[in-house]
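What follows is a group of structures, each given as structure tokens.
One chain, subunit A, appears in both complexes that follow, with subunit B as partner in the first and subunit C in the second.
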Partner chain A sequence: MIAKKVLLVGNFGVGKTSLIRRFVLNEFSEDYISTIGVRVSKKVVEYQNETIKLMIWDVAGTNGDEKIPKAYFLGAHAAMFVFDVSREETYLNIDQNLQMVKDLSGLEKITIVGNKKDLLSKEELETVVKEVSIGIDLITSAKEGSNVEDAFMKLTAQTLK
Partner chain B sequence: MKKTPADNTKDNRFELLRELLLAEDREKFDTLSQEIILREKFAKRVSPLVDEKILDLREKFPEYFGDTITETIKVQIRDSQDEVVEALYPIMGKLVKKAIISEITKLTESVNKTVKEKFSIQEILKRFFKGKKNDADVVLQEVFEPIIEEVFIIEKESGLLSGSYSRGNIADKDMVSGMLTAIKSFAEDAFSKEGQDLEDIKFETFQLSIQNFKSIYIAIACSGVLNATFKEDLADRINNLAEIILRDRSYLSDEERLNEVIFQLLIEA
Partner chain C sequence: MIPAKIEDVFVQITTDFSGIIKTIDAGNFVKKEFEVNQLIYTTCPFLEGTLEAIEKNQSFLLEGMVIASDNNEFNVDIEIFKNDDNIVILIHNRTNVYKYVDQLNQNRNDIFFIKREIVKKNKELDRLRKIADKANEEKSRFLAIMSHEIRNPLNSILGYAEMISSEKLSKNVAQYIKNLSSAGKNLKVIVDDILDLSRIEAGKLALVSEEVSINEIIKNCENDFQHQQKNNGVSLVFKVTENVPKIVLGDTVRIYQILSNLISNAIKFTEKGSVTTKVDVISEDDKTVSIQFTVADSGRGMSKEQTQKIFEEYQQNKISDNRIKGGAGLGLAIVNRLINAMNGNISVESKLDFGTTFFVKIPFLKPIKNKKFCSEQETKKTIINLKDRKILVADDDVLNLTIVQHFLTKEKAKITLVKDGLEALSKIKKEHFDVILLDIYMPNLTGEELILKVNDFTEFNKNTPVLALTANSTEEDVKRYLEIGFSGIISKPFTSAMFLEKIASTL
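What follows is the complex of A and B.
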């Protein structure tokens, strides 16, 4: 079985932990995130006839206000940047935040996911997609379980590139 | 029998024919002979000079090439620092440890000698100093025998588990490895100065010892009282294990094989 380290990054309250909770059952207490700024979860997935053990590092807020140890980003095989489609401040500086994650992790491609689509109408969602300065890979809803599996499969595919 | 004019004519013709056919070959033969003779003459003259030069080169090699070789080695080490560090780290660690143990042994011997020389009631003092210490050690070892509970070999940056040993059932080892790496990074980031690593985490009856190497770290959880002898022995065995793994990186991608080596070197031994 191949083991891969993947990162979930994004501002506070965008729903990273909810996405993981939807996808993973096996997890440590959430207290770790507020204590040391990260929590590790595990999920074994099947992708293209390959069994992959994903070690998911849920990294607390990466908007530059919090001091997160750089070492959390090292050795990652893929990363997902999550923003909240209903909160402009979570995607306003997406370019800078992405660059920071790229610099710290050394990754070239990062999966971009807009979460909480259940909070917006179809028209509002289209406006947000136009507003965001970079290409969004998937729009999800952790609450409804919409596109969550697909988002993590996209992330898994990234680990193999 | 006398040759007839006809016979003479035949001989002449044959001679003429031979001249015509072999003239070119003879010329080549002569040229080659000359060349060989010349070479032999030349070799006889040059040989002593070459021998002399070889001898000179052998004697003055450091003088002629010393600087170039030193510079080449310097460049090689500078460009491959990681490889050099990884190769030397386990060996240097052991050497330093051996040197320290040797010095402490010398010091102990010296103290013992002084005690023997200075005090007249030798046996009583010996019993007082040595005997008391031994008694305590024996009791501690019997009651709180040190036991290796868990072993984790973890990739330093990613926190991915490469191999492990567990005496009982613990939470998911992969997640423990990940969180341990996160906690270690957090502690190092928060408290340590640059380049320093977290080495020990202590619980009430549990101790987690971490030995850091260039690309991996080995975490060992022990229960009981860890006396100096046990710690030294364990550190030696960890260094040996690291040496084996770092010399043959295929262990890091073969969990089953790595687990066998962990068991052989740390648990069985």
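What follows is the complex of A and C.
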């Protein structure tokens, strides 16, 4: 079994912890408790006949332009940038924020996930997709469990590239 | 030797390159979670993958990591040093520090989300306010239209009542006509009140600041009410103390409206005794003077509960009041709002069966000295002489046309009557008139459209005054009519005196 270190980054309150909880424990809580520092969760996944132990780093949410400590990215195999589809400020400067993560991590490709799709209508979601200046990999809902598994599988695939 | 307390806040461990603990070197912090020859990753999962990636002979710091022991979570900072033989890991317990950071972080984020919720709610409130404003505007528009529709027939009622009263009548018929006239006038007051209230609500009430003679206003009240008051059991008393300035700056029409409303109410509810109107100065300096108007009656009075509601709209103290005494219960609500608009205040003291006293305090500015005020006595009174004057009247309402014809015929004016704007235009193009009176809503060509054809007037009627004969009497309407070229407005319903005086003033 191979171990892969992956990180979830993005503004505070976008639902990084909720995505991990849904993926690892299949649980969801409406309470918002901000994450301090780094919490690491583990989940073993099967991907293309490979058993992989994902070490998922839940990095505390930033205020947009706050820098994430570079040390966190040491040895990282993939990273997911999470934004909240219902909060414009979490994707308004996604270009710069993504570049910052790439520079710090040295990773070429970052998985882009828009979370909280349950808060918007189909039409509103389409507008958000048009507004976000870069390609979104998946639109998820940690609350409803929608696309969460797929998002982490996409992230797992990224660790093997 | 390291003191015991310090030993409790850290632990130093040495591992090999694959993360197997070789020695526990110092410190007691969560020491039992670590065992020699076991993987350090069990307690420190974040080190898996990290240890391999760390470069040799360089110190490395990981801040704010979380480890668990005995069902408790601890925030730790970790210093790592990888040398040629092994890796030294120093784990510092920073839970106390991070506890405060955590709290601050949570508060910051909570404030952010509350702020966001407030912005969302404010947007919703703004949307609802706009809907309410629009509904209010619609209501005002509806009232203006209805008022116009009521004023037109009212003009016929009052006009014909006046015409009939000038004929030879039996005593009974004369009384009936008087009653009819009185009911019509009451209806006019109600229409005016409703319009005033909607204008105040829409924030469209504009007070003028002109030279006002309080003495003149009181004299006018005295003349009007002595004339109207027929109950000999009630005496009307008017007193203005000597120190009340001759001239202040204010809105004569609205001050008169306030006082006449209070006095007429007092008369309405007093069967015997007196109604006393008093004016006093309550304070004064170089620039301002605060004046108190008191209207006291010896009428039926009110209970405490009634006085508390007296300034609310559509308020009548007895359900039967609006039937017996007339009115829509808007007068005091309007008075209250007018006084507020003047930065003044109104209060009431009352005792059941003893009477009621209203106190109105209004601060006035004093006029700049040396500015001569033209009192009414000095103003030249308009002399009405319309004999042989050529007057064109255009109105599609035959009843109104007949009333106007009656008034003007009595003055021996030479009248030309037409039933729409096109006919009027045709006359204007062919001959000269001394005055032109135009209804606003006429078929074929409205009064507004006609006045805009000012170029067609040039040959015969270049300087002829044109008056609008209209039931649209809001301030905005009047302003607009003057702007588009009317010389003045005769507002329906009108009495013959009002009508003739207005025409004479333009000649």
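Following the convention adopted for this analysis, the second predicted complex is superposed on the first by the 143 of 161 C-alpha atoms of A that agree within 3 Å, B and C clash if a C-alpha of one lies under 4 Å from a C-alpha of the other, contacts with A are read in each partner's own complex, and residues count from 1 in each chain.
Operating definition for what follows: a residue touches a chain if its C-beta (ideal position, glycine included) is under 8 Å from a C-beta of that chain, and two chains touch if they have at least 3 such contacts.
Predicted, not measured: the structure shown is a model, and the values here were computed from it.
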item: Touched partner set for A:Gly13, first subunit B, second subunit C, both or neither; value: second
item: Partner chain in contact with A:Ala60 - subunit B first, subunit C second, else both or neither; value: second
item: Partner chain in contact with A:Phe152 - subunit B first, subunit C second, else both or neither; value: neither
item: First (subunit B), second (subunit C), both or neither touched by A:Phe81; value: neither
item: First (subunit B), second (subunit C), both or neither touched by A:Ala3; value: both
item: Which of subunit B and subunit C A:Tyr91 touches, first, second, both or neither; value: neither
item: Which superposed partner A:Phe23 touches (first subunit B, second subunit C, both, neither); value: neither
item: Which of subunit B and subunit C A:Tyr72 touches, first, second, both or neither; value: both
item: Doubly contacted subunit A residues - partners subunit C and subunit B; value: 3-5, 32, 36-40, 42, 55, 57, 69, 71-72, 74-77
item: Residue numbers on subunit A that touch subunit C, as the complex places them; value: 3-5, 12-13, 32-34, 36-40, 42, 55, 57, 60-61, 69, 71-72, 74-77, 87
item: Residue ranges of subunit B touching subunit A (in the complex, touch as defined); value: 155-161, 172, 174-175, 178-179, 182-183, 185-186, 188-190
item: Residue ranges of subunit C in contact with subunit A within the complex; value: 45-46, 48-50, 52-54, 60-66, 75, 98, 101-102, 105-106, 109-110, 112-113, 116
item: Footprint of subunit B on subunit A - complex, ascending; value: 3-5, 26-28, 32, 36-42, 53, 55, 57, 69-72, 74-77
